[in-house]
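Each of the next two complexes has chain A plus one other chain: chain B in the first, chain C in the second.
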Partner chain A sequence: MPIVIENLSYTYMKKTPYEKKALDGVTFTIEDGDTFGIIGATGSGKSTLIQHLNALIRVTEGKIVVNGMNLSEKKLDLKRLRSTVGMVFQYPEYQLFEETVEKDIAFGLKNIGVAEAEIADRVREAAELCGLDFEEVKSRSPFELSGGQMRRAAIAGVIAMRPEILVFDEPTAGLDPRGRAELLSLIRKLKDSCSKTIIMVSHNMDEIAAMCNRVAVLDEGRLAACDAPRKLFFDETMLSSLGLDVPTAVKLANLLKKRGVELRPAMTPPAFAEAFWEYYIEARR
Partner chain B sequence: MNGISFGQYYPADSPIHHLDARIKIILSVVFIAAVFFVKSYFGYLVTLLFLASVIGMSRVPLSVVFKTVKAVLFLIIFTFVLNLFLIDEGRILWSLWIFDITDQAVHYAIMMALRLFLLITGTTLLTLTTTPMDLTDGIESLMSPLKIIKFPVHDVALIMSIALRFIPTLIEETNKIMNAQKARGASFDHGGLFKRAKALLPVLIPLFVSSIRRADELALAMDARCYNASPNRTRRKVLKIGGRDIAALFIAAAYFTLILLDRYFFLSAVDRLFFGLF
Partner chain C sequence: MENSPVIEVKNAEYRYKLPDGGFVAALSGVSLSISAGEFVVICGHNGSGKSTLAKLMNGLLLPTNAEGEVLVKKMKTTDAAHTFDIRRSAGIVFQNPDNQMVATFVEDDLAFGPENLGVPREEIEERIDWALAAVGMSGHRKSTPFKMSGGQKQRIAIAAVLAMKPEILILDESTSMLDPKGRREVMNTLLNLNKSGITVILITHNMDEAFFASRAVILKDGQIKADAPPEDIFSDYNLLIENSLTLPAVPETARLLREKGLDVEPAVFFVEDLAEELCRLL
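Moving on, here comes the complex of A and B:
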C-alpha cells in the first residue's frame, strides 16, 4: 500500500522565539515499488518530512497514511510501524554501540520482540545481504571495522527488521567515489530482495537521477514539485532558483547547447554518452 | 529533551539583557546573599516585588521563567512538608498521630519554600538574559585578579565556554542517536527505573564515542590555527560598564540596604504591624 501524505505541516518549538515552520502544507503520494527521491536545499524540511514517516516526529497538522496505518492516531502501533518503515540516517555508523557486530545487528529485532531462534538467521541474512563477511565480522567490535564496513553493519541492523519501506537520508555522505557506487548498488540490491519501496534523500542529483523514478522537491517547507526526474532535471533555471544543481550529464549537455550542439536529453553519464554518440554519427554523415 | 533546555538563554531586547555580564553576575550574588538575610514576611514581599519588576523589565515571559521553577517544584514542596512536620517549637496548632504542627513550623516552612523559590527564580534570570558567551567572558573578567596567584583564569574560562558551546551540539547529537535507536524499535519511556537506565546505553555509548572524536577534532583545529592561551590575547567584544550598569548597581544596593534594615533595625516590626495575627 502506498504512503499518502496530505497537507502535512510542522512547526518546531511552537510559541517560542525559536519557532520555525519546517513543513508547510505538503501533499504527495509514494507508490509501492517506487524509488522515491526527496531533494531540496539545506533547511528545506527534508529531514523533518522523513522523520514523520516512522513517527519519530508525530503528525501535528495534516495526515499521513503508511501501509494503511494512520499516523495521526494516538494509539499507533509504533513497533509495527517502525519495522515497516526502516530508517537509515545520515552517517548510520554513529549509531553502532554493541560489543559485537552480531549483537548490534540484532538490536532492532530484540526490540520488536522477534523470537531468539529466528534472530540469528535474520542477522546473518541481513549482514550477508549488505555485503559483510558475516563469519569474519560477527564477533568483532563494530568500532574495529573500516568506515565502509561500519556503514554496512549499521544498514544491516535496519535491514534485519525486513522493512517494506526503506528510507535513506544522505546514504553516500562522506564516502569516496567507489564507496558511493558500492552503496548505490547495495540500495538497488535491497530493493530487489527485501524492501520494495525505497525513499532516498540526497544532495547529489546524479545519484537521484540514476536511482529514482519519482522525485519530490522541497523548498522552505513547501512542495515545489513532484514528478519524474526527466520532467524536473532538465530545468536548470527552476532547480537553481531552489538552490539545487542539475545532474552532471545535463550540465554538460547545456554547455554543449551553448556551442550549438543539441543532444537528445540525457540525465546520466551512460545516457549522455549514448546521446553524444548518436549526435556524432549523425554529424559525420 | 525540552527539560534539559530550561534556563536556556531567551533572546529579547531589554535593559536587563543589555546589562554588563559582570554586573549581572555580581547582582545575582548580591541577590542570593540578600535572600539569605531575609527573615520577615515584609522582607519577602520586598524581594518578590523586586524580582517581579526585574522579570517584567527583562521581557522574558513568565511561562518561561516558571518552567524552571516547575522543574524543582518537587524540591520546594518536599522542603515545605519536611519543615512543617519536623519543627517542634512553638504553639501547637494541629496534631495528627505523632506529628505536631506548630505555628513556628508553619512560619518556617513558608519562609523556606519562599526562599528556595526566590533563589531559583533569581538565578535562572541570569542565564535567561545572558548568552553563555557573555557569561563566561564575565566570569573570566571577574576572576582575573586570581592571575596574581598564577591561577589559569583564561584556560578555565576557555574550558567553560567550550563546554557551554557544546551543550546544544550534544543535545542535538543525543536527539539524532535517540531517533536512530528508536527507528530500530528502542523505547526510552517504558519500564521501571532500571530498565530505562539500561535503555539509555545505546544512546550513551555512541554519544561518548562521538564526543571524544569531536574533542579530538576541535583540539586539532585549534592547534592548526596556532591557538595558545597567551595573556596578550585581545577580545573582539570588550566588556564595558555603562550608565545603565551603575544605575542597576545602585538599585540593587538600595534593595539590599532595605533588607538589612528590615533584618537588624526594624526587627520584623513591619510584619507585626501588618500581620497582627501572628
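Moving on, here comes the complex of A and C:
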C-alpha cells in the first residue's frame, strides 16, 4: 500500500517568537516499489517531512496514510508503524551505544518483544545483509569498528526490524567516493532483498539520478515538483532557482545547445561523452 | 612576511594504540610546510590520515616519534607554554557541527571563544556581527542552532571559530554536510577570508574543492603521495585512481572524451571552458 501525503503542513514552536513554518501544504504519493528521492536546499523541510513518516513528529495539519495507517489517529499503533517504516538518520553511527555490535543490532527487536531465538537469527541476517562479517564483529564494541563498518552496523539495527519501507536521510554524507559507491549498492541490495520501498533524502543530484525512479523537490516547505528525475533534471532554470545543483552533463549540454549543438539528453558524464561522440561522428560525415 | 611558513610539519609520525595493545600508524614520515596566505587542500580517502594531520597542525595531537615535530608560527606544539597561542592562531572547524555547539543561542555560541580570550565586550559584539556576515548568516544572531539544518549549523560553527580571529583556519571535512548552495557559500567565504590574509587549510575528499586552492596535497596510507598545483593533479588520472580519489565531473567528462580519441585539454575545471573546447572541435 502506498504512502499518501495530503496537504501536510507543520510549524515549529507555534505561538512563540520562534515560530517557523517548515512544511506548507505538501501533497504527493509514494507508490509501493518506488525508490523515491526527496531533494531541496538546506532548510527546505526535507527532514521535517521524513520525521513525520514514522510519527517522530506527529501530524498537526493535513494527513498522512502509511500502509493503511492514518498517522493523525490519536491511538496510532506506534509499534506497528515503526516496524513498518525503518528510519536511517544522517550519520546513523552516532546512535550506536551498546557494549557489543550484536546487542546494538538487537536493541530494536528486544524492545518490540521478539523471542530470543528469533532475535539471534534476525541480527545475524541483518548484519550479513549489510556486508559485515558477523562472527568477526559481533562481540566487539561498535566503537572499535571503522567508520564504514559503524555505519553498516547502525543500518543493520534498522534492517533487523524488517521494515517494508526504508527511509535514508543523506545516507552517503561524509563518505569518500569509494564508500559512497558501496553504500548505494547496499541500498540497492536492501531493496531487492528486504524492503520494497526506499525513500532517500540527498543533496547529490548524480546519486538521485542514478538511484531513484521518482523525486519530490521541496522549496521552503512547499512541493516545487514531483516527477521522474529525467523529467526534472534537464530543467536548469528550475533547479538553480531552488538552490539545487544541475548535473554537470546537463549544464554542458545546455551550453552547447545555446551555440546550436543539440545532443541526445544525458544526465551523467559517460552518457554525455557517448552523446557528444555520436554528434561528432555525425558532424564529420 | 608573505612567504614565511606558518605551519611546518617535519618527519611526523602518529600511531594510534589498538585495544589489543598493538599500534596502527595513521601518519608516517610526513613533512609539509605551509606559508602565510596559502590556500591548501589536503585530499585523501577515509582512513588516509588526513584528520590526524589536521589535529597535529594545532597541537590537538602530538607526533608519536621523537624526531617528528610540528611548528605553528615557529612555536613547537610539544611545548606546553605555547598551547594557548597555537590554538588561538590556528582554529579548527570539524565535520559535525553538533559536536561544536556550546550555547543555546547563536550569539552566545560565537561569544564563547572570544570571552575566553578576554576580548572586551564591545569588540565581541563587533566580531559576532562580522563573523555571521562572513558566513552569510547575519539574520540569525538571536536564533538557536538546535533548530537549524545541518548546513546552517556548520556555518555557525565556522563563524564561532572566525570570532577568535585566527590567522590560520583548518577545516576538517567541514563542507561534507552542506548542500551544493551551502558548500558554494562556504567556499566563497573561505576564498574571501583567504584574500583578507587568512591561511586556509581545507581537508576534504571532495575533489571539486581543490579547484579553488593554490595547492593540493594528496595523502594515502598516512603518507604524502603528491603535493602540486591542482591543475597538475587533475591531469594525472592514474595518480588519483592509485589514491582512491575520483575526478570531478568536468575533468572526468574531458577524460572520457579523450579516451574516445578527441583532443580535449586534460586540466579543464569549469563547465564553460569544456563547452568552449568542444565547440572548437566541431
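Just so we're on the same page, the second predicted complex is superposed on the first by the 270 of 285 C-alpha atoms of A that agree within 3 Å, B and C clash if a C-alpha of one lies under 4 Å from a C-alpha of the other, contacts with A are read in each partner's own complex, and residues count from 1 in each chain.
FYI, a residue touches a chain if its C-beta (ideal position, glycine included) is under 8 Å from a C-beta of that chain, and two chains touch if they have at least 3 such contacts.
Please read all numbers here as calculations on a predicted model, not as lab measurements.
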Fit or clash between chain C and chain B when superposed on chain A: clash
Touched partner set for A:97, first chain B, second chain C, both or neither: first
Contacts of A:237 with chain B and chain C, given as first, second, both or neither: neither
Partner chain(s) touched by A:157 [first = chain B, second = chain C, both, neither]: first
Partner chain in contact with A:148 - chain B first, chain C second, else both or neither: second
Touched partner set for A:56, first chain B, second chain C, both or neither: first
Residue contacts on chain A - larger count, chain B or chain C: C
Chain B versus chain C as contact partner of A:261, first or second or both or neither: second
Contacts of A:79 with chain B and chain C, given as first, second, both or neither: first
Steric overlap of chain C with chain B in the superposed model, located at which of 96-104, 132-140 or 150-158: 96-104
Set intersection of chain A contacts, chain C complex versus chain B complex: 94
List of chain B residues in touch with chain A within their complex: 10-12, 64, 176-177, 179-187, 201-202, 205-206, 209-210
Interfacial residue positions of chain A with respect to chain B in the complex: 16-17, 51, 54, 56, 78-79, 82-83, 86-87, 89, 92, 94-98, 107-108, 111-112, 143, 157-158, 161
Residue ranges of chain C touching chain A (in the complex, touch as defined): 19, 45-47, 95-96, 143-144, 147-152, 173, 176-182, 205, 244-246, 249-250, 252-253, 256-257, 259-260, 262, 271-272, 274-275, 278-279, 281-282
Chain A - residues contacting chain C, complex: 12-13, 18, 20, 41-43, 47, 90-91, 94, 144, 146-148, 170, 173-179, 203, 206, 243-245, 247-249, 251-252, 255-256, 259, 261, 269-270, 272-273, 276-277, 279-280, 283
